[in-house]
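Common to both upcoming complexes is subunit A, partnered first by subunit B, then by subunit C.
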Partner chain A sequence: MARITLQNLKHAYMANPQQEQDWALKEFDLEWDDGGAYALLGPSGCGKTTLLNIISGLLKPSNGKVLFDGEDVTALPPEQRKIAQVFQFPVVYDTMTVYDNLAFPLRNRGVDEATVDKRVREVAAMNDLTATLNNRASGLTADGKQKISLGRGLVRTDVNAILFDEPLTVIDPHLKFQLRSKLKELHHRVPNTMIYVTHDQTEALTFADKVVVMNVGEVVQVGTPEELFEEPHHTFVGHFIGSPGMNVLKCDISDGQAHLGGRKIATANKAGPASGLTEIGVRPEYVSFAAKGLEARIIKASDAGRFSIVEVECAGGRAKLLINEGEPVPSGTAHLSFDPKATRIYQDGWLAGRERRP
Partner chain B sequence: MNKTVNQKAWFFVLPVLILVAFNAIVPLMTVVNYSVQETFGDNVFFWAGLRWFEEILRSPRFHDALGRQLFFTFTILAIEVPLGVIIALAMPRKGPWVSVCLVLMAMPLLIPWNVVGAMWNIFGLPELGLLGKTLNSIGFDYNYTRQPGDAWFTLILMDVWHWTSLVVLLAYAGLVSIPDAYYQAAKIDGASSWAIFRYIQLPKMKRVLTIAVLLRFMDSFNIYTEPSVLTGGGPGNSTTLLSIDLVKIALGQFDLGPAAAMSLIYFLVILLVSWVFYTVMTRGEEN
Partner chain C sequence: MALELKNAGKKVGADTHIHPTSFMFKPGSFNVLLGTTLAGKTTLMQIMAGLEKPTSGEVWFNGRNVTGVQVQKRNVSMVYQQFINYPNMSVFDNIASPLRVARLSRYEIRRRVGEMAEMMRISAMLDRRPSELSGGQQQRTAMARALVKDSHLILLDEPLANLDFKLREELRDELPKLFAERNCVVVYATTEPSEALLLGGRTAALHQGRVVDFGPTSEIYRRPSNLTSAIVFSEPPMNRASVVCKSGRIAMNKDVSWAAPKQLSPGTYTIGIRPHHVSPVRHDKSAIAVDATVKVAELSGSESIIHFDAYGNSWVSLSHGVHPFGAGAKATLFADVSHCMYFDEAGKLIDLASGRKAA
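Presenting the complex of A and B:
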C-alpha cells in the first residue's frame, strides 16, 4: 500500500515533441492518498490509459517522476512496482484452471504452496469463484474472466495499488452493476489504493471518492463527485459530467460582469482580465422559469421520469432546464432565471478568476 | 416451421461436384479399379481380387520404403516445428524489419520444387558444389552420391531449408495475433520469459501449429520431386521414399495392379496418420 505522487509528469509517444499537440499527456502534478478509490475520467483518446500505464510502469514517461511513498520508481519495471492491473479485455491464461490462474502471480514470485493455496481460496471466495476453481479458465464468460484478472491482482499481499483500465467495457449491462458493486465492496475489505479508468461518468462517480477528469492530454479537474458537479473548473467538466450536461452560453463582459443578450447576469465569480472566449456556465438544475428575466423561446420538452428536460433558445444559444413532473411547461416564449450561486463565468473554457493548474 | 424445398439449389452445387468428380473421384476410382485387376497390356484385364494388396503388404521392399518414409517425415517434423517456432519468436513484431524478414522467409517457398532439388544437387557436389567442396576441404569425407548417410543428411537439410519457412510464417501469424494486454498482464504477474512462452505464446499458437504439423506431415509424406532430383532414391535404395518407389513400380516396371494397390495403401496411411494427429492435437479444446 502506498501513496502515489506524480511530479511534473509529461509524456509524448514521438521522439521529438515540438508543439503542444505532440504531447499525449501534458505536464501536471498529482497526489493520490494511500487506500483511496480514484477514477480517471475522460473521453476516448484523452490520455487516461497512457497515464495508467505510466503508473504501472508499462510506459516510461518522457518527463517527470512517479513516486510510491516518496520513493522514486520511475525507472522500475512493472513487476518490481508491486502493482496490479486489470485490462479492458479480460486476460486469462487459457490452458490453466481458474485456481492456477489465481496462483500464477504468487508462484512466479516463489511463494510456498501452502500460502498460495490459502490466498487463492480467500480471493476466490471474495470474487465468487470458489465453485469454478477447478474449471478451465477459457470456458468462463467475460465477467468470470474479468473476476479472474481482478483476483490475480488481489491475491498478492504486496500490492501497492490496483489499476483498472475500463474493466467493464466487455461486460453485459446487467452484470456491470453487479461487478461494480463488487469492486466497491472489495475496496472496503481490502484497503488498497484503487485507480479506475473509464469514460463512463456513472462508473467513475459511483466508484471513486475522488475523480480526475482529463481532456486532450490534460488533467482538467480533480475533485469529489460533488465538487465536479457543483463547481466545474472547466466547461468540459460541466459538459462531461451531469446528465444533461451544464449549459454553456457565450456572453459579453463589461466591468467584470457577465451580460447575456444585453442583460446583466449575476454570477458567483468575477471575470478576470480580458480574454478571448467568454462564456457563462450553469447547470440545468439551477435554471428555472420566472416572471421576468432573460427571454427564451421554448423548443421542446422531453419527459425523463421525475422531471422534464426543457430545451430553449436564448441569447443566441441553446440551453436546457429541468422542471419537476407535473409543473406546466410554458409554450412560445418565457423568461429564465439563473441561480447566481451556481452561475459562473468561464474564460477560454476555464473558470474565471482561478489558478488554472488543477 | 415450413421449409420450401427448392431443388434448384442443386444447380449451384453442380459445378463443384463436376470439378471434384473429374479431379478426385474419377481418378481415384480408376486406381481402385486397377488395384483389383491384372493386365498384360493391350487393355486386357483379369480379375485379381486382393492379391496385390496382400503382396504389397507382405513385401519387404514396401516395408523398407515405408520405414524410410516415416523416418524422413518424423525427422523433418522434429527439426522444422521447433526451429520454425524459435525463428518466429526471434522475428521483430513491429517496424521496418518485419517486411524484410517476411520476404526473406517466404523466399524458399517461392522456388519451384525441382529447382530446389537441382540447386541442392549442385550445391552438394563434392568437387564443385559450395557445400560439398567446403565440407571436404575442412576434412569431412562427404559425398552424397556414394554414402547413404551423406545422402540422408543432404536430403533432410534441403527439406529443412525449403519448408521451415512455412512453419515460421504460420507460427508468426499466431504470435502477432496475441493482444498486447497479455504481455502486459504477464509482466505485472511477474512471469518469466519461459512462463510467457509456455502459458501465453504456445497456447495461442496451438491452432496454427496444428495446421503447420498437418501440412508438413502430408507434404513430406508425399514428397517426390526434390529427393527424386537430388538423389533419385540412391545411392542404392537408401533414400527411396514411398513416392519414389511407387513411381518406379508404376512407370518403371509398368506394374499397374501392384502400383495401384500401393497407392491406395499409401493414401490410407496418410489419411489415418493425419486423422490421428488432428484428433490428438485438438482433443483438449472440446472439454
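Presenting the complex of A and C:
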C-alpha cells in the first residue's frame, strides 16, 4: 500500500507536441493518500486510461514524475511497481478451478503453499466464492468470473495499489449493485489504495472518497462526491455529474449580477472580470415552479418513477426540473424559481470568482 | 401494421427458451422488453424478426402469418449491442446502404443520411471509415443505418449498453422522438428499469423465458400484476418481506405492525416496497420504524443508497441527501407503508382499490 503522488504530469502520444490539443493529458499535480478510494471519471477519450497506464507503468509520461510513498517510480516497468489490476472483461483461466485462479498471482511470485492457502480462503470468503472454490471457472457467469478477477486483485498483500478499469461494464444492472457494494465493503476491510476508472458517475461517486473528473485530457475538478454535486467548478462537471445534469443557461452580466431574460437572478457567487461566455448553472434539483419569477414554457414531462423530469424553455434556452412522484406538473407556461444558494455564475465554463486550476 | 405473437414458443432440445407467448404490438407503438440477461429478450426478438423459427405457435405481421418467412423478405431493421458496420465503407456509405438498396434518389439519400447523422452526432465523421471512430461513434453509425430506412419493424437489442453514460442519457431522450412520426412497430430490449421508464411506451416484463406482465410502462411500474414483474421492474431491488394480515393489522413480526388496508382479507402476504419509500428520515406520519443493521452505505453526493438487514430480510433504502453509516451500524429506517404492494401466496398483486386479485 502506498501514497501516490503525481508531479507536473503531462503526456503526448506524438513526438513534438506544439499546441494545447496535442497533449492527451494536460499538466496537473495530484496526491492520493495511502488506503484511499479514488475514482477517475470522464467520457471516452478524456485521458483516464492514459493516466491509468502511466500509474501502472505501461506508459512513460512525456513530462513529470510518479512517486509511490515519495519514491520516484517513473522509470520502473509495471512488474516492479507492485500494482494489481482488474479489467473490464474478466481475465480468468477457464481450465483452472476457482481456487487455482485465486492462487495464481501468489504462486507466480513463489509464495509458500501454506500462505497461499490462507490468503485464497480469506479472499474467497470476502467474495462469496468459498462454496465454488473447487469448481472450474469455465462454467461461471460473467459476474461470477468478475468476482474471481476482483479476488485476484485482492489476494496479494504486497501491492502498492489496486487499479480497476471499468470493472462492472459487462455486469447486469441488478448484479452491479451487489458487486459495487461488495467492492465498497472490501475497501473497508482491506484498506488498500484503490483507483477506479469509469465513465459511469454512479459507480465513481458511490465507490470513491475522492473523484478526479477529467475532460479532453484535463483534470477539471478533484473533490468528494458531495463537493462535485453541490459546487461544480466547471459546467462540464455540472453536466457530467447528476442525472439529468446541471442546467446551463446563457446569461447577461451587469454590475457583477446575472440577468436571465431581463430579470435579475440571485446567485451564490459574483461575476469576475469580463469574459467571453457567461452562463448560469443550476441543478434540476434546485429549480422549482413558483407563483412568479422567470417565465418558462413546458415542453414535456418524462416519468422517471420516483420523480418526473420536466423540460422547459426559458430565457432562450432549455432547462430541466424534477417534480416528485404524485405532485402535479403544470402545463402551458409557468414561472420558475432557482435556489440562490445553488445557482452560480460560470465564465468561459469555469465557476466565476475562483482560481481556475483544480 | 401490427405484430402479433400467437402462442409462439421456442424449445431447444429439452430446454424451453421461450414459453408459449401471446401478445400484440400495435402499429406505431414503442415497446420495451425488460428483463435480465438470459431472460429471453434476444430470442424473442429473433422470433419476431424471422431470424429464428418458433418451435410452436405463430408470428403474424400486418394481418399475415409470417411464421417461417425469412428475415430478408420482412422489411425488418435490427440493432445489436455489439455494433456491426461495413469496415471498407465510409460512415456516409454505411448509413446510406439500405437507402441505395431501396433505390432512393441521391438527393433523398443525402437528406436522410444528413438528418440521421445530425441526430446521432456523427455529422463530422461522415467521410471516415468505421475503424477511425470510437466505439460509441461506431455504435451510432450502426444505429443510424438501421433507423434510416422505413422498416415496418425495428428491433433494438440493448443498443445503448456499450455507450458512455451521458451519451446514453441523451440518445434515450431523443430515440422515442424519432419514432413518433412513424407507423412502424419498435421493440427495444433493455436490462435497466430506469431506461424502460424513461422510454415510456408499453413494457413487457420478461423472466426466465416468460412474459410475466405487459401494458403501459408506467402502469407496469406502479401496478405490476405480480411479484415477479415487480422484481424485474425495480432497481435497486424491490424490498420484500412476508407479513400476516390479522384483526385489521399487518404484522411483519411481533414488533413491527401497521393498520391493514381495509380491503385486505386475513391471510399471509408478501409485501413489496420500493427503495425510495424507505428512508433514514421520517417523511410521513404513517411511516413505520424498522430496526436495521447496515451492510454498506453508498453515497453518491446527492443521494444515499443504504443496504441493510432488517429482521432477516435484505433491504435497500434510496434517499435524498448524504446519510453516512458505517458497516455494521445499527440504525432506524422508516418505511412508508402507504406505498406497500401486497402480493398473495401465488404472487398475484392484490388490487387495493377493489380488494380483488389483479387480472
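In this text, the second predicted complex is superposed on the first by the 349 of 358 C-alpha atoms of A that agree within 3 Å, B and C clash if a C-alpha of one lies under 4 Å from a C-alpha of the other, contacts with A are read in each partner's own complex, and residues count from 1 in each chain.
Heads up, the rule we're going with is that contacts are C-beta pairs under 8 Å (C-beta built on N, C-alpha and C of every residue); 3 or more make two chains touch, one makes a residue touch a chain.
Worth saying up front: this structure is predicted, and the values here are computed from it rather than measured.
In the superposition on chain A, contact is made by A:Gln85 with subunit B only, not with subunit C. In the overlay built on the shared chain, the residue A:Arg109 is in contact with subunit B alone; subunit C does not reach it.
In the superposition on chain A, A:Asn134 contacts neither subunit B nor subunit C. Of the two partner chains, subunit C is the only one that A:Thr206 touches; subunit B does not reach it. With both complexes superposed, C is the one of subunit B and subunit C in contact with more subunit A residues.
Contact with subunit C, but none with subunit B, is seen for A:Gly305 once the two complexes are overlaid on the shared chain. In the superposition on chain A, A:Phe240 makes contact with subunit C only, while subunit B stays out of contact range. Residue contacts after overlaying the shared chain place A:Phe177 against subunit C, while subunit B stays out of touching range. When both complexes are overlaid on chain A, the residue A:Pro77 reaches subunit B alone and has no touch with subunit C.
Taken together, the subunit A residues at the contact with subunit C in this complex read 43-45, 142, 172-174, 177, 180-181, 184-185, 188, 199-202, 205-207, 224-230, 239-245, 285, 302-306, 309. Interface residues of subunit A facing subunit B in the complex, by the touch rule stated above, are 53, 56, 58, 77-79, 83-85, 87-89, 91, 93-96, 104-105, 108-109, 136, 149, 152. On the side of subunit B, the complex with subunit A involves touching residues 179, 181-182, 184-185, 187-192, 195, 199-200, 203-204, 287. Listed in rising order, the residues of subunit C touching subunit A in the complex are 36-37, 134-136, 164-167, 169, 173, 191-194, 197-198, 200, 217-218, 221, 235-237, 274, 276, 295-296, 298-302, 305, 307, 316, 318, 322, 326-327.
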